[in-house]
Structure formats: C-alpha cells, structure tokens
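Common to both upcoming complexes is chain A, partnered first by chain B, then by chain C.
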Partner chain A sequence: MTKPRLATLAIIVAALAVIAFAGLSGALLNLMIFMMIIALAAQGWNILGGYAGLSSFGHAAFFGAGAYAMAVLQTRFGVNAWIALVIGIALGALVGAFIGFLSFRSGLKGSYFALITLAFAEVARILANSWNFTGGAAGILLKLQTGLPYLQFADRRYFLLITIGCVAIGLVVSWWLEHSRFGAYLVALRENEQAAQALGVDVFAVKMKAIAISGALTAAAGCLYAQNYLFIDANVAFGSWISIEALFAAIVGGSGTVLGPLIGAIVLLGLGELTKGLSGGIPGMDLLVFGIILVLSVAFSPNGLVMLMKSLGLRAPAKAKEA
Partner chain B sequence: MTRISKSMSRRTVLKSGVALTSMLAAPGLLRAEPAPVKVGLLQPISGAFALDGDLAKIGAEFAIKEINDAGGIKALGGAKLELVVGDSRSNAEAGAQATEELQSAGVAAVLGGFASGIALTATQTAARYDLPFVVDCAVADTITERGLKNTFRFNPNFSMATAVALKNLVKLNDDAGKPIKTVAIVHEDGLFGSGLAKIMQEKLPPLGFQIVETIAHPTPARDMTNVVLRLRALNPDLIVPSHYFNEFVLMARTLQQQRVRPKGIYAVFGGAASSYRFVNEFPEAAQGVMDCNHWGDPKSPITAKLRETVTAAGKFYAYNTPINYSLVKVFAQAVEKAGSADRAKIIEALAANEFDSGIMPYGKTKFDAKGQNASALPLNTQVQGKDIKVIYPAEYAEAKPVFPING
Partner chain C sequence: MYSPQIVVEALLNGLMLGAIYALIALGLTLIYGVLHIVNFAHGALLTVAMFMVWLVCARYGLDPYLAILVVAPLMFALGYGLQRFIIGPASHGKDNGILLVTLGLSIIIENALLAAFQSDTRTITTDYSFRVVELGPLLLSFPRVVGFGVTIATTILLWLVLHQTDIGKAIRAVAKEKLGASLVGISVPHVYAMTFAIGCACLAVAAGLLMPSFYVSPKTGAAFVLVAFTIVVLGGMGSIPGALIGGLLIGVVEAASSLFLGDSLGQIGIFLIFIVTLLVRPTGLFGARA
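Here is the complex of A and B:
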C-alpha cells in the first residue's frame, strides 16, 4: 500500500483553495463548505473507525458537543468565536475521553462499541432537547454578524478557506498516523488486539488517545457547522444523520486511508447535487438515482474509492506494457 | 428571392416604413414581452414534509397563472411572473443550499420555508444577499426577532396563534355553559409540542381550567396505548394535543378503540386536526376534533377552486395551498408598489405598504417593524361529518361548534 506523500496532500489542499477562489457561485461555495465540514467529521470517524477498527455509530455526540459549545459560549457567555472554537474542539476530545473511558474499561469493541456510542449520542440528543441551558427544543440561533472576530464572513470564500484549513489539519493528522509509532499501534490493535497487547502495546491508553483525537476532529466539524448555518437544535447537532454521514463518507472513500474521508465526502455530496438535476420533475427521484449509484460504487469498490483509484492506476500501466 | 422583390411595390415599402416608425415611436409595444420577474418558492418537495411542499407548490402555481393571465405585473409593462422552485428536502442544510441556488437563479424574492428550522437557516442565507424572504407557515417567534431586514412572515407566529386559541377556547366553553373543568395536555417533545405545552401550562390555570396531567412523548411514536390508558384513568373533560400528523392520527384512533370520550379535543396547530386526509381515512376518530390553525377564508370562491384543483390531482387539500397562493399574491402587489423587481425596492415596499391578503382571513396584511404580519390570525375549525368547518370567528364561520361532543 503506497502512502500519499506530504507534497501530494499539499497539492490537494492548494487545489481546493484555488477552486475556492475560482469564482464559484454562492450555491457551489455553500456546497463546498458543507463538503469540507462532512469531510472533517469523516476524518474524525476515520481515526477511530478506520485506523483503530473501532466503528462508531455515534459520532454525533462529538459533532454536537462542538456545535453546542460554539453556540452556547457565544450566545450565553459572549465568548469570542475563535476561543469558542478552541474550547469546542477541546470539549469534543473530552467527550471522546469520557465515552472511551467508560467503554474501553469494560473492553467493549465491535458491534457493542458501536451500540454504546449510538446510545451516548441519543442521550446527548435528548438532554439537549429538554435542557433550557441548550435552548431546549427551540435550539440556539447565532447572531449574523460578519467580521474576522466573529468567524463569519460576508464573503463565503474566507469561511471556505478556514474549513479547508481544518481539513488540511485532518489530513496531516492522518498522515502522521501512518508514519508514527502511535499509528502503527492503532493498526496493530485493529488487526489483532491480543497480539498487540502481547507485544507490549498499552491498548487502553492507545484507544483513549485515538478516541480523543477522533472526537476533537469531529467536534471541529460541529463548530464549523454551527458557525456556517448559525442555527442548531438537538436533532441537527446530535441527530443520527451526522453519525451516518461521517461513517458513510469515510467508508465510501476508503476507511483507514489518509484521503478516503475527503474523497468520500466530495463524491457523496457532489453526487447528491448532480443527481438533483436527474430527477425529471419527480420528487425524490434524485435520491433513488443517488442510492443506485451508491450501491454500484460500493459493490465495485468495497475497499473504498481510494483503493479503486489505486487499482485502476496500477492496472493502466500494465495494459500499456502489453500494448 | 425573386418573388419577394417582385411583390415589393412602392406602396408596400411605404406602408411598412410607416409601420416601422410607429413601432419605434412606441417602444413598449415593440418589446412585447418584458423580462419576467422570477419568484423563488422554497418548499420541502422531497423528504418527510413532501406532501406539504407539494400542496404549497400547487397554490403558488395557481396564483402565478392567475396573475399572468390577468396581464402580469402592470407596473413593469405586463412582466410575467416565473416560479423557480427550490427543494429544501425537509432539512435545514438543504434549505440553505436551495436558497443559495435560488439566489444564483436570480430570483427577486423567496417565498415559503414551511418549517421553523428550515426557515431560520434559509432566511439567514438570504440575508447575506439582501434577498427578500417572506416566510409562510413556519411559526417559531424567533424567525422575525433577529433584526433581519429581508425577513417577513405572512402567517401568525406561535404567540399570536396561541393567544387566539386560548381566547376562543374560553368563549367556546362559556357559550356551552362551562362544561370543561379539567384538561390533559399530550404533546410531542420537540420544539412545537413542548413549546405549546409550556404556554398551556402557564395560561390555562388562570383561565379557570385545571390541568390534570401533561404527557410528553417522542416523535415518531409507534404506540399510544399507554398514553391513552393514562388518559382514560384521568378522564379529563378536554384533551389538548400537539403533535405531528402520524401521532395525532394514532392517538385519535387509540382513543376511539379504548372508548375514551372526552367532551372535546382541542388542538393548536394540530398535526392532523385540520387535514382532509385524516377525515377521509378515519372519519369516526376525527369526528368533532377542533383545531386552531392556519386556514383560508372558506367563503372565498377561490378557496373552492383551489380545493377542486388539489382534489382533481388526487391529493388531500390542506392549508399550505391557500397560504402559498396568497403569498404569491402579496408578493405581486409588492412588486407593483415597488415598480421594480429590484430587491431593495421590494423590501422597502413590503415594509411600507398594506396588502390584500389573498384568500387568507387577515383583512389587510401589514408587516410590523420586525417583519411580522400584524393582522395574521388563525381560524378555529372542527371536523363535522366528512368536512372541516370553520367555527370561529363569526365573520368566517361556516357552522356552529358541536360542543361538548360526547354528551
């Protein structure tokens, strides 16, 4: 398996930044921002689900923690948006550590771990829905005020750049994982936990670190979401949709790869927009087309789009030689 | 070629020359078709609220056709209105995305929104472009309380509607000789249900009603048996429900099965209480259910036409159709008054003028400083037989309330 080099990642990020300034319409910029937010959430999921093999169905818990931290700190305590962003990310890591501590201590993994994360996200959703502090079921509205200190921009492109920057950090974190001892521990743990333990890997500590990093990245996505749409409620922030988007993008793109989540998010959401034009006036038809394409792509590239690209890339020169 | 030149006599050349000069002198006639004014309609065409979005679209299309057939926007030389539909897919992000697309399509304004969560994000998106946005039946008070200059709401908000609902409930009870003493509140635990329950808990006791129980349930709920059994034990005079369509139907049917017969069911923005689908599918369970909701003027001939159009398409009529019909009418008046399709001028016109309310029972629509239509009000309806009749207020009433319903 060839690992992407840092230079490749830099080129991809630069390309995204160039596209951001290529004179796109507001609708496309908005779509790109959403793509980056989902990519970031998926990168978070990928650290835990992809590298460490601990599939979570409840990344909404982290996403929501970030989103609510961002909203509550700004509206209730008048905290600066940038500081709120940092606190939101830290809170995501903390929530990750909390869930991780409870579930890893009792050795949960596989479907049991998936279910416990789902349960945590649901508990968080119900709490946020009924607690006045979080705005209850009415949710929280952030004030529309543009300017650098508010982390809101009249020009969409600057916000897009910030989301691209966050995705770049996610890429670097994943790249670092593939090149570090810590990343090797994660993979060892995914492949065979007992063997890893026998070789002296502190399994609990490694898992705790992984879930904290994972939580922090996904929480960053939540923060950016709140800041872009300026309205969150319990179903948006802690709803199962984001858990699904995060794991979907990572798995379709290629779980346990550096570029998988980003490619997955771009392809899935891009496809969703493209099929909108194919609905032929029948409501919901686009979603049907989207579903069919998705089934086909997963059927033909079960290891993710990144792997499909690689295998195509490897096959092409072989054919060239034959010719 | 030869034939044409042969037939071109001096006289015809002169004639056409005269015709040409007269056309040049009247540029309005030469430009037979002035540029159309694009109207954005943001509705959930797919997703959980697809039925509502569809009905809204029918109403808006009907109004557009009516306006265009009558000669378009007169202030713009008969410019036609052109509807551009944005699908909010029943969720907030897609609502924002669809608003961006409407902005790219160059609409003069966006109408609709339907649900509060969608309307909140969509209006904010539109605010970035100073794009006028007239919200329809999204009721959260906060929509018009953010100081967004572009945002208006045609329909009553939550506080306005509950105030009317309570006033009419007291009148209903007094007229019938005060049969109601105890009330049970059943609500879904989302924004709409719990918000309403909170208001009811505050306001009902001072009006002389005793609240025996407040029961919350999640949406979706698959079974209402426990809720209904609790209601049977409590035996309240009145049930005040607030939930969405499916849960409302489920509760009404379970009440019927368990033979729980309160003296009345009084909903505010009831999910199914003023739905012809409910009345058609479960006429017995729906009998006598009262609602305080958005509703078109039943006496207007256009209401009847809209109902026919919807029914002819094999769909069940609901309030979305008259609301969006009227919304387009209000927008057209605003463009007439602005004398331009310019966004800033339309916002100015919306804020400064009074408008006919189409077929909504609002008298003259006038947006207040926050953008809320100050004259909007809900109507009280009751399921009677196979129909939904307006019972309050008197000027719109089609029938007398049947109350109490069970003896």
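Here is the complex of A and C:
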C-alpha cells in the first residue's frame, strides 16, 4: 500500500483553495463549506473507526459538544469565537476521553461499542433538548457579527478557506498516524488486539488517545457548523444524521486511509445534491442514495473508493503493457 | 405527588407497553443469538410492518389484529430474502460488514418510505382504540391488554417452534455450533435466513398490536430501535426469556420515568439503563458468560 506524501496532500489542499476562489456561485460555496465540515467530522471518525477499528455510531456526541460549546460560550459568556473554537475542540477531546474511559475499561468493542456510542449521543441529545442552559428545544441562535475576530465573514469564501484549513489539519493528523509508532499501534490493535497486547502495546492508553483525537476533530466540525449556520438545536447538533454522515463518508471514501474521508464526503454530498436536483425535491432521495452506496461499497469495495481507484490505477498500466 | 392509583395504573400500562417492546426485542435477540449480528435494520423493518398493517386496514378495512395474519407471512418472506440475498452476501461474513450493511438498509428503507409516504403520521382508529378495561379500581388501556396477551402467546409459540420443530432444532444447532451443524447437512445460509424471517414475522405481530393505539411515520421504527437494543442487552443478547423480562422491565421504567420526569426527559432512563448494563454487565441478566 502506497501512502500519500505530504507534497500530494499540499497539492490537494491548494487545489481546494483555488476552487474556492474560482468564482463559484453562492449555492456551490455553501455546498463546499458543508462538504468540508462533513469531511472534517469524517476524518475524526476515521481515526477511531478506520485506523483503530472501533466503529462508532455516535460521533454526534463530539460534533454536538463542539457545536454547543461554540454557541453557548459566545451567546451566554461573550467569549471570543476563536477562543470558543479552541475550547470546543478541547471539549470534544474531553467527551471522547470520558466515553472512552468508561467503554474501554469495560473492554467494549465491535457492535457493543457501536451501541454504547449511539446511546451516549442520544443521552446528550435528550439533555440538550430539555435543559434551559442549552436553549432547550428552541435551540440557540448565534449573533451575526462579521469580521475576522468573530470568525464570520461577509464573503463566504473566507469561511470556506478556514474549513479547508481545518480539513488540511485533519489530513496532516492522518498522515502523521500513518508514519508514527502510535499509528502502527492503532492498526495493530485493529488487526489483532490480543497479539498487540502480547507484544507490549498499552491497548487502553492507545485507545484513549485515539478517541480523544477523534473527538477533537469531529468537535471542530461541530464548531464550524454552528459558526456557519448560526443556529443549532439538539436534533441538529446531537442528531444521528451526523453520526451517520461521518461514518458514511469515511467508509465510502476508504476507512483507515488519509484521503478517504475527504473523498467520501465530496462524492457522497455531491451525489446527494445531484439526486436532490434530479428527483425534484422528493424527500429522502439523497439519503436513499447514500444508503444504497453504503451497502454497495461494503459489498463490492470494502476498502473504499481510495483503494478502488488505486487498484484500477494499478490495473490500467498492466493492461496497456499487454496491448 | 401522584395518588397511588395513578402510579399503579401508569406502571401497569407501562408493563403492557413493555410487552410489545419485548416482542420487538424478541426478533432482535433471536437474530443475534443465531447469526451473532446486531441487526440495525430492525427498527426500519418494524416501520415497514406498521405501514403494511396500515395499508391493509386503510385499503381493505381489515381489523389491525386480523391484519397480522396477512402481514406476518409477507414480513417473513421479506426477512428471508433480505438475509439470504442482501445482508449475507454483501457483508462477506464480517461483523463490521453486517453492522454497516444493516445500517445502510435501515437508511434505505426509512427514506424509501419517506419518499413514498411523506413524513405525515398515519393512524388507524378502531372502536376499541380508546376503550379501557376495568380491573378492580384500575383502568387499563384495551389495546395494551390485548398486546400483553398476544405477546405472551407469541413467546410461547416461538419457544415451541424452537424446541419442537425440525427447523427449530436446526436453528438451535446453528446457534450453538455453526461448523458442526453444516457438517451434519444443515444449510447454514438457509437457517440464517429462516431465523431472520422469524424475527421479521415477530415484527409483524408487534406492528399489528401497536397500530390501534399508535401512529406510524417513516421515522417511527427509529424510536423503537434503541429501546429494543436496550432490552436485548439488558436481557442478555440471544436470550428469549431475557428479552421478555427485559421488555416488561423497560416498559415499567419508561412509564415511571415519564411520570416523574416528564415526557422529553423520560426517555433518558432507558438510555442510562442501557449504558450502565453495557458497562457493568454486557452479558445482561440472562446472557451466557462470553
């Protein structure tokens, strides 16, 4: 398996930035911002679900933690947006550590881990929905204040740049995983936990670190979501939709790969928009397509689009030689 | 504080709703016990069954309880086909694959229903929907009393099928020792599909019992799925008596917590039980030690 080089990642990020300033229409800019937010959430999911093999069905817990930190800190305490962003990301890591501490200490994995993460996200959703501090069922509206200090821009291209920057950080984190001892531990854990433990890997510590990083990245996506749409409520921030989209994007793109989540998010949301357009606004058609793609990709390309492209790319020259 | 009568009534009604929960969980736990998979599409399949009951009743004026006789074979066939031709082949027998394929299926089903029926909620009103049964000084909801009785009957029937019929024996053999079962000539994919089919037929019964007093929308099943998982985990994954007792218990807990905490916060009791069970005793009350 060839790993992408840092230079390749830099080119991809630069290309995204160029596209951002290529005169996209407002709707396309919004779509691209949304793609980047989902890509970032999926990158977070990928650290835990892809590299460490611990599939979470409840990454909404982290996304919501970030989104609510961003909204509550700014509206209730007048905290600066950038500081709120940092606190939100830290909170995501903390929530990750909390859920991780409880679940990994009990040795949960596989479907049990998927179920408990789902339950944690649901508890968070119910709490946020009924607690006045978090705005209850009405949600929280953020104030519109444009300018760099407020992390809101009259020109949406600048916000898109910020999201691209965050995705770039996510890419670097994944790249670092593939080149570090820690990343090797994660993969060892995924392939055979007992063997990894027998070889002296501190399984619990490695998992804790992974879920904290994973939570932090997905929380960053939540922060950006709140800041972009300026409104959140419990069903948006902690709803199962985001757990599902983060998982889908990572798996369809290629779980356990550097570029998988980004490619998955772009392909999925792109296709989603396309079906929405083609089906003339029949509700649910885009998600229907997502579901079909997920089943098809598990059935026919379990390693995701990244690997599919690679294997096609490897096969093509071989055929050329024969001819 | 509430008067004792209100509390007892609420708890008893909760107990009987719990019976229907148990029926939903029964299919889930059976599928887990034999296939060792967590079927995430279970909630969506319940929605399908409820829509089928609704269609049969609204179109042909059949009684929802009688509709079970029509819908159960349909769900049985659907379940068989899904496992045999989609879930089995697509997941390559991998745990994670199954988890994702059933999750994908649940999203496909939910949104196909959304596209076909929009998100409106639909109900069936029967002349007994709001009837109450007097039990001494207590007033109990008639549909729930029926649900309770039918659940017990279905559980007994399921137990008999598993213990007295050939297919039941095959199912238990596969659950215990897959390789051994296939060596003595049992077709494992067929048994898997039959188990999945029986689980889906249980959902048809649950759907028929729910419809007179409940509504259906494409998202209805999602509301039940976590409750069903809680019951399965609490009762012990794969344990049929566990599912029955777990279901009754969860029904009571839900009734008590929504009585004392209010409807929106009431659901939290279930999830806390779920989390605590997973953390403290993931094998559940009746599950075998892993």
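In this text, the second predicted complex is superposed on the first by the 302 of 323 C-alpha atoms of A that agree within 3 Å, B and C clash if a C-alpha of one lies under 4 Å from a C-alpha of the other, contacts with A are read in each partner's own complex, and residues count from 1 in each chain.
Please note the rule applied: a residue touches a chain if its C-beta (ideal position, glycine included) is under 8 Å from a C-beta of that chain, and two chains touch if they have at least 3 such contacts.
Keep in mind the model is a prediction, meaning the values are calculated, not measured.
Q: Let me test your reading of the model: by the given contact rule, A:A154 touches which partner, first (chain B), second (chain C), both or neither?
A: first
Q: May I ask you to decide whether A:N30 touches chain B, chain C, both, or neither, giving the answer as first, second, both or neither?
A: In the superposition, A:N30 contacts chain B only.
Q: By the touch definition at the top of the document, which applies to A:K143: first (chain B), second (chain C), both, or neither?
A: In the superposed model, A:K143 contacts chain B only, not chain C.
Q: Looking at the overlay, what does A:V172 touch: chain B (first), chain C (second), both, or neither?
A: So A:V172 meets neither chain B nor chain C here.
Q: In the overlay, answer first, second, both or neither for which of chain B and chain C A:S55 touches.
A: In the superposed model, A:S55 contacts chain C only, not chain B.
Q: State whether chain B or chain C is in contact with more residues of chain A in the superposed arrangement.
A: Touched residues of chain A are more numerous for C.
Q: Using the superposition on chain A described above, determine whether A:D233 touches chain B (first), chain C (second), both, or neither.
A: First partner only.
Q: Kindly classify A:A184 by the partners it touches after superposition: chain B alone (first), chain C alone (second), both, or neither?
A: A:A184: touches no partner chain.
Q: Should A:A90 be classified as contacting the first partner (chain B), the second (chain C), both, or neither?
A: neither
Q: Counting only touches as set out at the top, which of chain B and chain C does A:L115 meet: first, second, both, neither?
A: second
Q: Could you tell me which stretches of chain A are touched by chain B in one complex and by chain C in the other?
A: 129-130, 137, 283-284, 287
Q: Can you name the residues of chain A that touch chain B in the complex?
A: Contact set of chain A toward chain B: 25-27, 29-31, 34, 129-130, 136-139, 141, 143-144, 154, 156, 229-231, 233, 235-236, 241, 276, 283-284, 286-287.
Q: Taking the complex as given, what residues does chain B use to touch chain A?
A: Touch list, chain B to chain A: 45-47, 50, 53-54, 87, 91-93, 96-97, 100-101, 103-104, 117, 120-121, 124-125, 127-129, 140, 142, 146, 148, 189-195.
Q: Mind listing the chain A positions that touch chain C in their complex?
A: It is residues 53, 55, 57, 102-103, 106, 108, 110-112, 114-116, 118-120, 122-123, 126-127, 129-130, 137, 240, 244, 247, 251, 279, 282-285, 287-288, 290-292, 294-295, 298-299, 302 of chain A that touch chain C.
Q: Name, in rising order, each residue of chain C that touches chain A in their complex.
A: 37-38, 86, 89-92, 94-97, 99-101, 103-108, 110-115, 118-119, 218, 222, 226, 229-230, 233, 262, 264-265, 267-268, 271-272, 274-275, 278-280, 282
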